[in-house]
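First chain written, first letter: the chains are A, B, C, D, E and F, and each begins at residue 1.
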Amino acid sequence: MHHHLILRVVAKLLLPFILLYALYVQWHGDYGPGGGFQAGVIFAVGFILYALVYGVDALVRVVPRGVLVGAMAVGLLLYAGTGVVSLFLGLDYLDYSRLAHDPVHGQEWGILLVELGVGIAVAAAMTAIFVAFATREPDIDDEDW
Amino acid sequence: MTDYFMPSLIYFAAAAIVPFIAAPRLRATFMLAVPFAGFASFATMAYGTYAFMPFFDFNLKIFRLDGLSFIFGLIFSIAAFISIAFAWHIRDRLEQVSSLVYAGAAIGAVFAGDLITLFVFWEGTAIASALLIWARRTPGAIATTMRYFTFQIASGLLLFIGIVLFYRDTGSVAFQHMELDSLGTWLIFLAFGFKCAFPLMHNWLQDAYPAATPTGTVTLSAFTTKLAIYALARGFAGTEFLIYIGAAMSLFPVFFAAIENNLRRVLAYSLNNQLGFMVVGIGIGTPLALDGTVAHAFVHVIYKALLFMSVGAVIYRTGTAKVSDLGGLWKYMPWTMAFCIVGSLSISAFPLFSGFVAKSLILSATASSGHIWVWMALVVASVGVLEHAGIKIPYSMFFGHDRGWKVKEAPLPMLLIMGFAATLCVLIGVFPQTLYALLPYPVEYEPYTADHVITQLQMLFFAALAFALLIRFNIYPAEYRSINLDFDWVYRRFLPNVLRVVTHYVTVIWRVYARFADRRIERALMVIYRAHGPQGALARTWPTGSMVLWIAILLGITLGLAYL
Amino acid sequence: MGIILVDLMLFGFLVLTALAIMRLTNLFAVTMLAGLFSLLAAGLFVTMDAVDVAFTEAAVGAGISTVLMLSALALTARNEKPFVIVSRRMAVPLICCLVTGAALIYGTLDMPAFGDPDAPVHTHVGGEYITRVIPDTGVPNIVTAVLASYRGYDTLGETTVIFVAAIAVLLLIGFPRSATRRRDEDGSE
Amino acid sequence: MIPQAIISQLPILQVIVPLIAAPFCALLGGRNRAWALAFAVSLVTFAISAMLFASTLDGTVLSYQLGGWAPPIGIEYRVDALNAFVLLIVSGVGALTMLYARESVAYEIDERHHGLFYSAFVFCMTGLLGVTITGDAFNVFVFLEISSLSTYALVASGAKRDRRALTAAYNYLIMGTIGATFFVIGLGLLYMITGTLNMADLAHKLVEHGDSRTLRMGFAFIVVGFGLKLAMFPLHLWLPNAYTHAPSAVSAFVSATSTKVAVYLMLRFLFTVFGFSIPFEVDVLRTIVLPLALIGILAGSIVAVFQEDLKRLLAYSSISQIGYMLVGITLLTPGGLMASIIHLFNHAVAKAALFMVAGAYVMQAGTSTISDLRGVGRDMPFTTAAFVVGGLSLVGVPMTVGFISKWYLVQAALEQGWWPVAGLIVLSSLVAFAYVWRFVEAAYMYPTPDGVIRREAPLTMLIPMWIFAGSSIFFGLNASLTSAAASRAASGLIAASSLIWQ
Amino acid sequence: MPETLPEQVPNQLADLLIFIGGHYNYWMVIVLMMIGLYITISRGNLVKKIVGLNIFQTSVFMLYISMGKVAGGTAPIITGNPDEVYSNPLPHVLILTAIVVGISTTALALALVVRIREAFGTIEEDEILTIERDLEFPAQEASK
Amino acid sequence: MTMMLLSTNSALFLALFLPLSAIVLLGALREFPRARDVAHVGTAVVTFSLVLLLLVRFLKADIPNVFLFEVMPGLPINFSIEPLGMVFALLASGLWIFISLYAVGYMRANGEEHQTRFAMFFTLAVAAALGIAFSANLFTLFIYYELLTLSTYPLVAHKGTPEARRGARIYLSILLSTSIGFFLVAIIWTWTVAGTLDFAAGGILQGHLDPGYAPLLLALFAFGIGKAALMPFHRWLPSAMVAPAPVSALLHAVAVVKGGVFTLLKVSVYIFGTGFLSATHAAVWLCWVAAISIIVAAVIAISKDDLKARLAYSTISQLAYVTLGVALANQMGMIGSTMQIVMHAMAKITLFMCAGAIYVAAHKTKVSEMSGLGRQMPITFIAFFVASLSIVGLPPMGGAWSKWFLLLSAADANQIAMIAVLGIGSLLSIAYLMPIPVKALFGAVPAGQAPSDAHEPPLSMLLPICATALGCVLLFFFANEIYGFLLHVPLLPPEGGLQ
């Protein structure tokens, strides 16, 4: 894997754009297609690409397993926490109406927050899953293929 | 009344004490006193019903004293005395206890004022008598007695069932005159008949009596059948049916007795025959006839005991009672011979002997009631009695072929009691009015009229002549070693066989059924196991696809349902 | 009419792809075709106005799931065991599918026609979202609004599902296998 | 006292408390930290469900609108006597299994996996609770998948003991997914003709809609989908292996809850949603589900009789026990429903105890094979006694809660005049006795094999199993609470359905 | 679409065509679904089963999305044009969720397959079943 | 008098639960065999005195009612006393004294293992029998019925041999399958139609049950109460013969079969009501089944050479008398059945204790080997003889009176055939029972068999044997008291007035 120099360079160039696109999808979800989930997936794809080119070990160095699990948890808790916040605001669970000064804005805020949670969780989860697969030593040698 | 006294209690109490008296002679003496005490306890009492006992829904009258029961009480007391005395030498506690219980039960039954009490003592005689025979402790005795016992219990059962039905019909269990008009009374009648050895029900008698100990036989001969006679007299006096039964009873044993080899069996047949007379008397049911019956029972107990005792004495000395083995003992046992002949003369109703005074009553009653054919039958039967009991028994034991026995005379106690019985026979024969005074109904009867005596003597002599001729020409069918089977094959062979066959088939069918069921169950289990066992279709791990098959099937059925 | 044609064409390709997946034994090819299937499906979703779904399907079906599939293949096998055609093995599943399909088709017979605007789907809750999404939330992408707000709880569940999946995968293969393998193979074979 | 504000939020707390706690479990890792959190959370959950149960026992129906949106638009939580009862069962079993898990999991799972394991465990519980409490049909699917996915992982983690756990989990996954997809298809068909996903609204719209082929197939698919999830007889193939090879704590928890929740869903959909507005539904139930349930009752028991492995035996017995619940449902009478609901409780309690016992054997004796467990009654008296109690409850011996449920069931069958059904129920009780007795005999009447040393299970395992065993006796002696709850739930279901034509 | 059909076609045929036109979509979806199901249940390869399952699920998604389609509608993103007809957003939302569930299931299933491959050395169902059966009934294996 | 301090309710409660708590005591005394055995017999004595106290109170019309709790709405666990239950309780607790004493002797003389376990389950079984006796409703009765089944299983399997286990398994499976398969269904059915399970005078089914179904329901009861050993569900009884002799005595005399027929009796009197049964002729078929059981079992008994097997079939035959009395469905039948329960219990317990004594003393189990044995052990065989007479039904043994009432009952019911059956049954019982003591007492030792050096069993075994044999005789004289007591069994609903 280490000798595909072109690949590595291209990948290095491509990576920021992928991540940027992911962020776009994340924040633009309110207005067009896309949202937290898609963004998370794209984000994860970025990492995966990185791993494919530089090796999984490199990826693990960048984002250790613990961090991934942590990020997953943060994402999920961000979502669930938003709901808990509305509980504390005296509303039903996941009722965003009081997150801002008026209910409509509150909804927007809420949607943004939870979408962010989804994004983080999905990105981390997908990466974690990929890492899990990729770090597993093959049971069979290449000749057996 | 809380006074539960009854004479039989004396016997029972004695029976309870006897086993614990260690000294044999003391024990025998003690036992000898019991009949006296028993008799004394009711001899002086006025007639009436004494002991009442509330039980279940009825008031039991367990001690009823009247003319009939009094005389039978007396009879049984005498019988008890004779049999106990004859058994003076016996040391077997079981035999002693059971004879006491037996006598007590019989007396209890006689005084029973109601059917329940009667039943209790009725069964008591059965159990006690069976024990008496078992006490001989031989395999043959055990088997025989099982039959005897079963028969007695069957009689008791019939009585029991009869009582139940009778009670339900009439609401009463009083032991009084009954009519043969319902199943209940018929069953009671049959129960009495069983014990009384009616024809076709008689064989237990010939079967069991010879199987007992010599002393036991004496006891047996006294109570069971006489109790039945009492019961019939009490319950079914005047039942016409009985006359014919009695006639048949008195006739048929004559032939069997003639051909029988075992003397005790001969006596048993003769017992049957004698009972026939009594039954006829009951059947006629006039006071005269009933008195005749009672009187006959009275004297019969004594002379039949005497005869059994003499045979018993012979058995005691020789160990056998078979005609084919005996003969010529007159030289060695003269006293026994003498007493035996007295008994024979009595049973043959020779004038001046007890049989005559009693039998005449019955014959007269029969004649006077117009049953001429029955009268004829009884006369013929009397001839037969003379034939087998009056002549065959003494002749075959003491005369006849000398078989070379060299034995001693019977022991003194036996001789004494035989003498006592013989004396009674003669006394009653000579002074009949004493006996008549005891009878339940007042009778004006004189046996010793010329007419009576001559008729009787003629008959006796012709019979004796016939016996002599038969012996002379060797036609008399004696001295064969044989056991005669008459109706007793029914229960000796047939019923046990039936039972055996039934048992066999029931068990076989049962086993086959059980095996069949077992195999079925086993096979079903196999089938279940094949499907459900660890490797069966239902327990295997299936590939995922197969479950979708089930889904499809379910959906298919649903689809079908939706179309329907 | 054009839409129908596009639809039919897409469906045709989808069926062909599916059949090819069925026939092929090379698992790499199968994986690739599965990605293709997802892409085609995404196209179909677009024709049916479900842009968000299409986006997701493309990202997930053609992207992540292909990657995962490939990584899994790297750890397992490249080829399927040659498929022996035994008529019984073929027939039973086939009948299953036919019956299930028949049941489903039977179920569609009473369905409102495709695209029928008067179908209850559109007149009841679905229509309501369209009318009230702006006043309620001010979010123009109705799908996002429904997803994150009206049915936000479902999405929480969805996030949880993916979380659980990650946890589960980590639980299963998240750690170097040396230790696990030794134990797995203890006493077997 | 607990402020009113919290009480009104109980329905959602029921689910999100474990949901929020679960990720922390994953982060905390081993050395009992994850366990402690999971246990604490399960206790809180139990407390919440107890409060919910108490407040719905009088027939109150709590409705909770998530996100503040009114039901057909938003998602609704709806708690009535029935699902409060099921919630109580799930969280109760969850709490006690969690206590039990401490030793058992320490023995059966590598320590480094503990965090993830407990996280999955709590998620599984969350999923089941979420499924039970929700009033939205699609939300059911989502939470069903949460619980299913975590269950697959939990089952597979039994691979340390036996690698067959992996294939069992895989099969379970395939079949479970097919089942869930069938449910989704069915739900789609219903959505197609009603345009709504809220259960109450669905029921309303379905009555309006009347009979149609789409409705019929929707019904069929949903029944089959749930049938798969609850292991209705021929669709049970995933169950025996999964329960056998899963780690003990998981077997105990899953067997006691997940099929029960599926039964609950079946009840909920059949009665609340479909409500028997068309005769076809009754036909399907009576001509398909009933015979299958009966066959399942019998076949499951008989297979169990011949099993060598205790856990597998228990798994097959579950299939048979589920049959009872289905029979109770198909009776379509309050009595039958009551019987089903009580049996649901009975089976949860008894099966939890039994699987816990089996787990204790696995831990202390290293095996769950009956022939290897001979004489275990003397070595592990308390554990084995718990088995006897639980087993007798399965059989339906008097003084156990199993008796109560069978009593009601037979009574309901007799009321309907279904003689053969009553007979079969009774017959299979006998078969049940055979398999229970088989083990009891082995445990008590045979000598211990030579050289085998077994010690009594630790207290943290004994306590939960005896709480279950004890409660199956307690509720067998005093059935007023369970039967009150069940009858309330049953009448609620009957009232919601249009079973008037009966 | 119904309104584009010629008027002179006899009514029955027209009805039929309209009906087919209104339902072909579902039927195609069902065909796909069944292919997916078929792959799942007929193939012994564990990976392929997963692929089949994916196809099955994706087809179900199509069914849902088909429901949401409104003739002449556009994607449910408010454009501000009051006359715009939007397709139904709710199925989209549901399917978004379902897709996530699908990928989660797939990931988990693949992880399981990996473990199975490690534990059994194969990913073919029939071979695994044989191995398992031998594990369960060792005596039989010996007798073979 | 401390007894006076006890309220009747607490006496009943104590009678029910004292044996249960004694189990714990027995278990605690595991290490002290002597103390344990004393405790066992002592418990029996105390329990019997409690029951006697209850009897005294009952005769003063002081009827207790112990309510424990309600299992299901309308299904309480409660206890009360009525005449039938009183009789059964007296019987079970009274005989327990003898049998416990005997068991102590037997287990020691035989050197059996697990004596503590034995004593514990023995006590449990009697406790269950008392529960059956005092149950105030069918539901409570059923629970105790099952408890009895389960508690006797370890006793039957006591020897632990494969044969014992097999026998015990058959025992358990038949009893359980009939009780759950039929009895429970019948109970639920009753509950469904009548809405109650309380034992009530005159029955609870009249007016609720379609008379056409009455035979079916009765069949469920009659066969469901497998302990009554009605053919063809009798096989457990011969199978249970693997048990030690005290257990057999417990099964046949004290608790199990008696519990079964007693249950049947209670069902007929208080659930169906004899009036209902006889009016609907629902029980006529049962007469015939009972009749067949009487005859067939007796015939099979004749063919058995194993003493205990013969006694077992004799029990089946004798129990069918009770069933017959139930089936005849009138007052006399009820009284006859109860008497038969009492009389048969007393006689059978003697017989089984004798069988155990013979086994302990001479190690003989075959009837054919016992000839002449009576010389060595006369007391045992005399007791055997006495008990046999009682079974046959001869005065002066108690057995006569039960037959009397059964016959009366058959006469009342106009069942002449049944009268014949009763008669034949008695005769058959002579055939299978009487030869045993007769041959032993009067027969010779079979040729080729060494004269055994057997002697009478230890005193702790001999005493109970003598006591119960004497009991057989005493019962003959005290039957009147039992009868008077049984007249109080209410057969008509209260509004109809008592008899």
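The rule we apply is simple: contacts are C-beta pairs under 8 Å (C-beta built on N, C-alpha and C of every residue); 3 or more make two chains touch, one makes a residue touch a chain.
Note that the coordinates shown come from a computational prediction; the quantities given were computed from them, not determined experimentally.
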item: Top chain pair, ranked by how many C-beta pairs fall in contact; value: C-E
item: Distance between chain centroids, defined by C-alpha means - chain D, chain E (Å); value: 29
item: Chain A and chain C: spacing of chain centres that average the CA atoms, whole Å; value: 20
item: Distance between chain centroids, defined by C-alpha means - chain A, chain D (Å); value: 35
item: Separation of mean Cα positions, chain C and chain B [Å, integer]; value: 103
item: Touching two or more other chains - residue numbers and ranges from chain D; value: 19, 23, 26, 66-67, 69, 138, 142, 145, 149, 152-153, 156, 159, 163, 174, 178, 185, 191-192, 197, 213, 216-217, 220-221
item: Chain A, residues touching no fewer than two other chains; value: 31-33, 37, 69, 72-73, 76, 80, 83, 93-94, 96, 122, 129, 132-133, 136, 139
item: Chain-to-chain touches, reported pairwise for every pair that qualifies; value: A-C, A-D, A-E, B-C, B-D, B-E, B-F, C-D, C-E, D-E, D-F
item: In the complex, chain B residues that touch chain E; value: 534-535, 540-541, 543-545, 548-549
item: Complex interface listing, chain E residues touching chain C; value: 1-2, 4, 18-19, 21-28, 30-39, 41-48, 50-52, 54-55, 58, 61-62, 65-79, 85-97, 99-108, 110-115, 117-119, 121-124, 127, 131, 135
item: Touch list for chain A against partner chain D, complex; value: 69-70, 72-73, 76-77, 80-81, 83-84, 87, 90-97
item: Chain F partner contacts - residues on chain D that touch it in the complex; value: 396-399, 404, 407-408, 410-411, 414-415, 422-423, 426-427, 429-430, 433-434, 437, 441, 445, 476-480, 483
item: Chain C - residues contacting chain E, complex; value: 1, 4, 7-8, 11, 14-15, 18-19, 21-22, 27, 30-31, 34, 37-38, 41, 44-45, 48-53, 56-57, 60-61, 64-65, 68-69, 71-73, 75-77, 80-81, 83, 89-90, 93-94, 96-98, 100-101, 104-105, 108-109, 111-117, 119, 121-122, 125-127, 129-130, 133-134, 140-143, 146-147, 151, 154-155, 157-159, 161-162, 164-166, 168-169, 172-173, 177, 180-181, 184-185, 188-189
